[in-house]
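So, here come the structures, one by one.
Here chain A shows up in two complexes: once beside chain B, once beside chain C.
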Partner chain A sequence: MRGRRYAAACLAAVLLPGLCSGCAGNTVYTQLRDVESLELVRTVGVDREEQVTVTVVTGLSAGGDAPITLQEQGATLAEAMHMLEQSASRRRPFYSHTEYLVLGQSAAEAGILGYLDYFGRMLEMRTDTGVYLVRDGDAAPVLHSVCGGKDGGDRILAFLKEDLPRTGQGYVATCLETAVSLERYGCALVMAIRLRPGEEPDAVQVRPAGFGVLENGRLTAFLSDAESRGVCVLQNRVREMALVTDDGQGGKISLQLGPVRTAIVPVFANGALVRLDAQIRSTANITEMASRRSAEDPAVRARIASQVEEQLTKWAQAAVDCAQRMGLDFLALGGAAARKAPVRFAAVQAAWPEVFPKLDVAVTAQVEVIRSYDMDAPLSGGPMRRNAETGEA
Partner chain B sequence: MKQKDTLTPRQLSALLFLGVLSAAIRLLPKAPVAFAGTAAWLAPAAAAAPTALFTLILMGFLRGRREGEGLGELALRSLGPAAGRAVCAGVALWLLFYSGFTLRVSAERLLSSIYKSGGVLLFAGVTAATAAVLAAGTLRGLARTAEVFFPLAVTVLTVVLAAAVPNLKAEYLLPVSRLDLPGVLRAALPVTNLAGLYGYAGFLTGYLPPGRRERSRAVFRRLAWGFALFTAILFMTVGTLSAEMIGHIHNPVFTMIQNVHFYGDTAHIDALIVVLWVAMDVFWLGTLFRIQAELAGLIAGLRRRNRLVWPTAAAAMAVCLLTGPTQFDLTRISDRVIPGVQLALMFVVLPGVYLVGKLRKRL
Partner chain C sequence: MRLRRRGQDPQREGQAPDLVGPVSAAGIRAAFGESADYMERTLAAGGGTAEAVLCWLDGLVSGTAAAETLIRPLTDPARFAGVRSERAAIRRVLEGGVYAGTVRRRGALRDAVYDMLAGCCALVFPKTGAAVTFEMKSEERRAVTEPKEEKVVKGAKDAFAELIRTNTMLVRRRLADPALRLRETVVGSSSHTRVCVLYLQGFTNPELTETVCERLAAMQVRGLLSAAALESALSDRPRSPFPQLLHTERPDKFCQNLLEGRVGILADGLPMGFLAPGTFAQFFKMPEDRANHFLVASVLTLLRYAALLLSLLLPAFYTAVAMYHQEMLPTRLIQTMIEAKQSVPFPTAVEVMGMLAAFELLQEAGLRLPSPVGQTVSVIGALIVGQSAVEASVVSPVVVIVVALAGISGYTVPNQDMSGALRLCRLALVAAAVACGLFGIVIGTTLLLYHLCTLESCGVPYMTPFSGGKGAAAALLQMPPDREPEADPALRVRRKQP
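Up next, the complex of A and B:
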């Protein structure tokens, strides 16, 4: 009996994997498709006028072929996607590797909640897909000209996503982050991009164009470059940033800022919230200095630090002013204050939308110049001249 | 009871733990978050005390068992043949409903995560048949397979949770303050309920070797590990998805796993996790079928109780097809019916039977 069972088990072990191979149609997988029969979509673009227009672009093939672009329309995103699957003649679009959702301005103005819902509901999609918004334009041209080009795919958008935290111009929120912000604060920020003519004929470039502000899922405004930088500073989204200041004597000094960290501290008096302190801290390294004064001089460093502090404060204040003017806490200051003083802030929580626009928000910055790399003193351009009276260089 | 078919406390624990883990992945994030919001990840800590109380009651009850006795036999001894059989029949019927529900939920999970155009019958049928094959043999065989599978399941889950760490956000986990205490205490209920599933091990203690008793320290050590895993699951799902989004998502753990990347490239490992999850369901269903067969055999006075596994599986399959029929109905059952019955079994029926047994000096 045991021998028979053993033989049956061995036979099953040999035969069953055959059903799992996917060959000759004798397979247990009902939805199995060879990878050759799939178009691996990397970017999905959505535009809206009367209907939803969806444009999808695949990645670059291993052989260097240009990405494939497909486009369809439907009453909803789901219907447009369905139409796309039907119209794809040779290969089926496969969305599991979608990295970016690019929204046209008209689509964002009409409301993006349905698109976020679709990304959460669709089995193949992921909620950590990055969201871009095209300022003053549609998504389709971006996907056709930037992603669909021979050097395109999702590389340019990926490069931009990597680069933004280093320049302090913005960050790319995911579908999940956007949805959470909308659920929590009723508003969210989406990174906007803009098409610009490139150097070569017919070439285009993508440039960051500030944040788009979504209110209850609809695009209502755009932030300026300064306001967007202020958002990044206040939300601790700046990993490093290049800045140029002057030495006060006509010379320019280039700086590389380290991570910018901002602490939001609520100030209470008699149990009432009277102020929010936004305390910014960062470090600066000198990357280029064409100046007659050396950074070894503490006064020079103090002047540099003060200029950077002024710049950071100006950006952050611009973002705060904009948020208060719009009455939208897209900076998540309420959340940051609640984390700092949860019990005392609980009294304000319910009335936060009314309290926030009138609240005093004090922004301060503290920057220290800590490094000048391998150049202790800037080049003087000639032999040192000494002051005849004092003897100093 | 077949004395050759024995298992160690460790094997029994692995078998039950897989079932609890399967239910934990399904239930944990949503139920506590509904009560405690951002502070839901503290719910396992709050559930430790009621779970410890339940464990002490259960162990006190089991301490009075004789060779080959499980909770079913103890209930018969405590309450007398008629009332004892009635209680056993009630528990068996409950487990029949629960296993049918588990089958349905398992099939629905495959439909909502991989095979969007499949059918419930196929997935539920294959799962039920596989579980029945495992459960109809020796219990030792089922438990040893679970013992081998257990470290794999825990390792994969741990690796996946660790891989999700880069997606953690402090603002999704905080603030937490004393104001969250009432919510956290309410959130402890579903966690206690979940930990209580471990108590079904009591129906299979008759298979432990004679003289081999589970030591309290070992039981509590296993429970502590279980609670650590519960906390990790809650912490990671709340920290990566936020309490607000968990309220909207059907399978939060699954969504969290969908967003996991390895080396910034490898994505969509969710299919692998679903396979593991289905395997855990198979062990859990096998255990439930076997407990029902044990109880049915006890009521009918049969010796070879494993023969009742197949009829039990067929009945569970029928319940599965009748349960629901929509995903929304399943959610309602999962949120309202199951926790209520489960808590009643843990804190009313079990202590009640124990008390009667003590009063009647039958234990």
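Up next, the complex of A and C:
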């Protein structure tokens, strides 16, 4: 009996590697590649004119060597990628550590569904790869000038990705998010960037340039800065944001907004969806007061709160108006409403593309003004205030 | 004194000594043949009333002590006054005519010969065909010294020695309990090694004791000269590389395990005690755990298990990731790995296997050489050769780190037998990783777990308590003294039905 068990175990040990290692020919053995034979690709750029141009850039090596840039063209993306593999003389490009996919405007206008599908089926590529769109330009110049630079472009794009939620100007969607949004809502937002000349000669900078709107996989429009900020506000993508308001007497007050949270509440009447309430909440921290007025003054606080609420409402309303004008729910308001009232929303789910453009969306904002560490009085350089009760400094 | 080294030597003629029949000086002489250490002397006991032959094995018996305690009183006529026959002389000897602690009357040649082999003198009375044996063991023995392998800071500093009585004494001193039972048996058709089974009557599971005794009785070996023979006989699966019998050179650890309900085994000539059953968790316990604060001991025990995983899986995991699953690593780490591997001429598989082999070589060299030289070899090997190999780009620094980390982690396993088994498994897992990457590791680990789960030690599942039942927490952690279970719950023996 024991012998049989061992025989079964040995047989399983021999068979399992073959059975468990994959299917349809993609066995583990086809993945055999020694680590030193790989060239880690960090950024992939895709352009389309007459042919598809693929540009890939490696990251900085551990030894600090400059990134390597490779570029090939082909009738299709697959052909260009295949030629790229063949042209790599030293080592084989390895895409599992690709951080960003940069799409040229021409490629996006032609349609990116095929590219997303190709990268989605590519075993090496990860679905959390961020997608950038180059506004008014191609991806190749960005990869050559920014990513292929000695500073390592993936780092610059990474800094941008980190900074965007802090400034409220946008966010970088992943390949998966973009594909899911296109599949589910027929539209998606992709963060656009733009190349600008830098301060030094031959230097270039990358700046955020609003969201690009993809409809059925094709780029149809770009959102303005206000609309992009509104998208971030409505999709809870703002972690913090700097704002400047005035005190009504010529002074300026700098604020740091905390996380902005928006609740989408569907309002039903007699079983019909009559309105969507977008309730925005946030806190505003006074960071600097170039004003003669005191932060303790309730009137000043009320004015600050009112201005911030007005600004947030304006941005959000601009984004809603744009979405309704285009007839595309790229704000995913339908999804938010469905999560809030799944049973009642099911009745309008099918007709949502027709309902959404005409729906009343009421945006309200509520902001609480606070001051760090409860230091209500600004530093004046004068004698310290004394505690009213104890008299201590 | 007349020393005889003559007579027929049956072994020289290809025959085993025949020990059948009544005891006689000639029979004893024939049994030992021309052994250089066989001595005999004819005495006129009691002033000539009875002639007797005193036989002994030089070295086992102290000649000086024999002269003082046996020959002198035997040849003293005053002590044998009134003795007229050999029977009377034998009676006088048995009643205290000579100074000896243990005196036995033997009629059979076999009994007399084996008494002599156990360190007795035999006084043979030719006319009556009887002998009296006196325990007269030589005091030549190694002193009780400090443990060499199981050193502790807070704990006893004595270790088992080669003589079984010394070892039972060390146990008795710690467990002054009349319930401590010692069942002795002789193992080995040639070595006649005394093996002692120790347990606490009324506390240790009697089935466990019987199992151990039965297996000892069933041992069919010519000589019990090494621990491996005993372990092989008492193990349920002797072909498994995993130790199924706990061994220790520390009497305090031995006694602690007896108190937990285990059965102890001591063998003459082996400076260590064995404990049955040996379960997997038991091999990761240290006697010092009880000397430390329970929180400290718990963290250290968990650390040992973490080190076990590291030692077992790290080289295999590195190999799998470097060869198949590069996407699993953080980008910065894989960039460092690629950079380090750039100028190394060997593929990862050869590199890792080679480094593991080199590590084993260094370890063996360090063990076999005398201590100061061994340390030098280790230092030269680890520092100079390792660094030179990295600088010469023969191996990548990452592989050196991985293998060294796995090796150092392996040293935290308190038991050397378990450590050796893990080293074997580590190599096998690396081979599996080379063949099939992470799939290979998963399959290898599954087979390893399967093997461990099918093992039993004296009827107790080897993976107890992890394989079920209570006590997993107690195995992984050190309980506070007031919450420690009296007996190890793992020792509820589940005997196999025939």
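Quick note on the criterion: the second predicted complex is superposed on the first by the 336 of 393 C-alpha atoms of A that agree within 3 Å, B and C clash if a C-alpha of one lies under 4 Å from a C-alpha of the other, contacts with A are read in each partner's own complex, and residues count from 1 in each chain.
The rule we apply is simple: a contact is a pair of C-beta atoms (placed from the backbone, for glycine too) under 8 Å apart; a residue touches a chain by one contact, two chains touch by 3 or more.
As the structure is a computational prediction, the values presented were derived from the model and not from experiment.
By the touch criterion stated above, A:G59 is placed in contact with chain C alone, chain B being left untouched.
When the two structures are aligned on the shared chain, A:A242 is found in touch with neither chain B nor chain C.
By the touch criterion defined above, A:F94 lies against chain C but remains apart from chain B after alignment on the C-alpha atoms of chain A. Of the two partner chains placed around the shared chain by superposition, chain B and chain C are both touched by A:R126. Counted by residues of chain A touched, the larger count belongs to C, out of chain B and chain C. By the document's definition of touching, neither partner reaches A:A272: not chain B, not chain C.
In the superposed model, A:L38 lies in contact with chain C only, and not with chain B. Of the two partner chains placed by the overlay, neither chain B nor chain C lies in contact with A:A351. By the touch criterion defined above, A:A203 lies against neither chain B nor chain C after alignment on the C-alpha atoms of chain A. On chain A, the patch touched by chain B and the patch touched by chain C overlap at residues 31, 96-97, 126.
Taken together, the chain A residues at the contact with chain C in this complex read 5, 9, 12-13, 16-17, 20-21, 28-29, 31-36, 38, 40, 42, 59-63, 94, 96-97, 99, 124, 126.
Considering their complex, residues 112-118, 167, 170-172, 174-179, 241-242, 244-245, 248-249, 255, 258-259, 267-268 of chain B touch chain A.
Interface residues of chain C, counted against chain A in their complex, comprise 321-327, 331-332, 334-342, 344, 347-348, 435-437, 439-440, 442-443, 447, 450, 454.
Listed in rising order, the residues of chain A touching chain B in the complex are 30-31, 96-97, 120, 123, 126-128, 176, 179-180, 183-184, 332, 335-336, 338-339, 342-343, 345-346.
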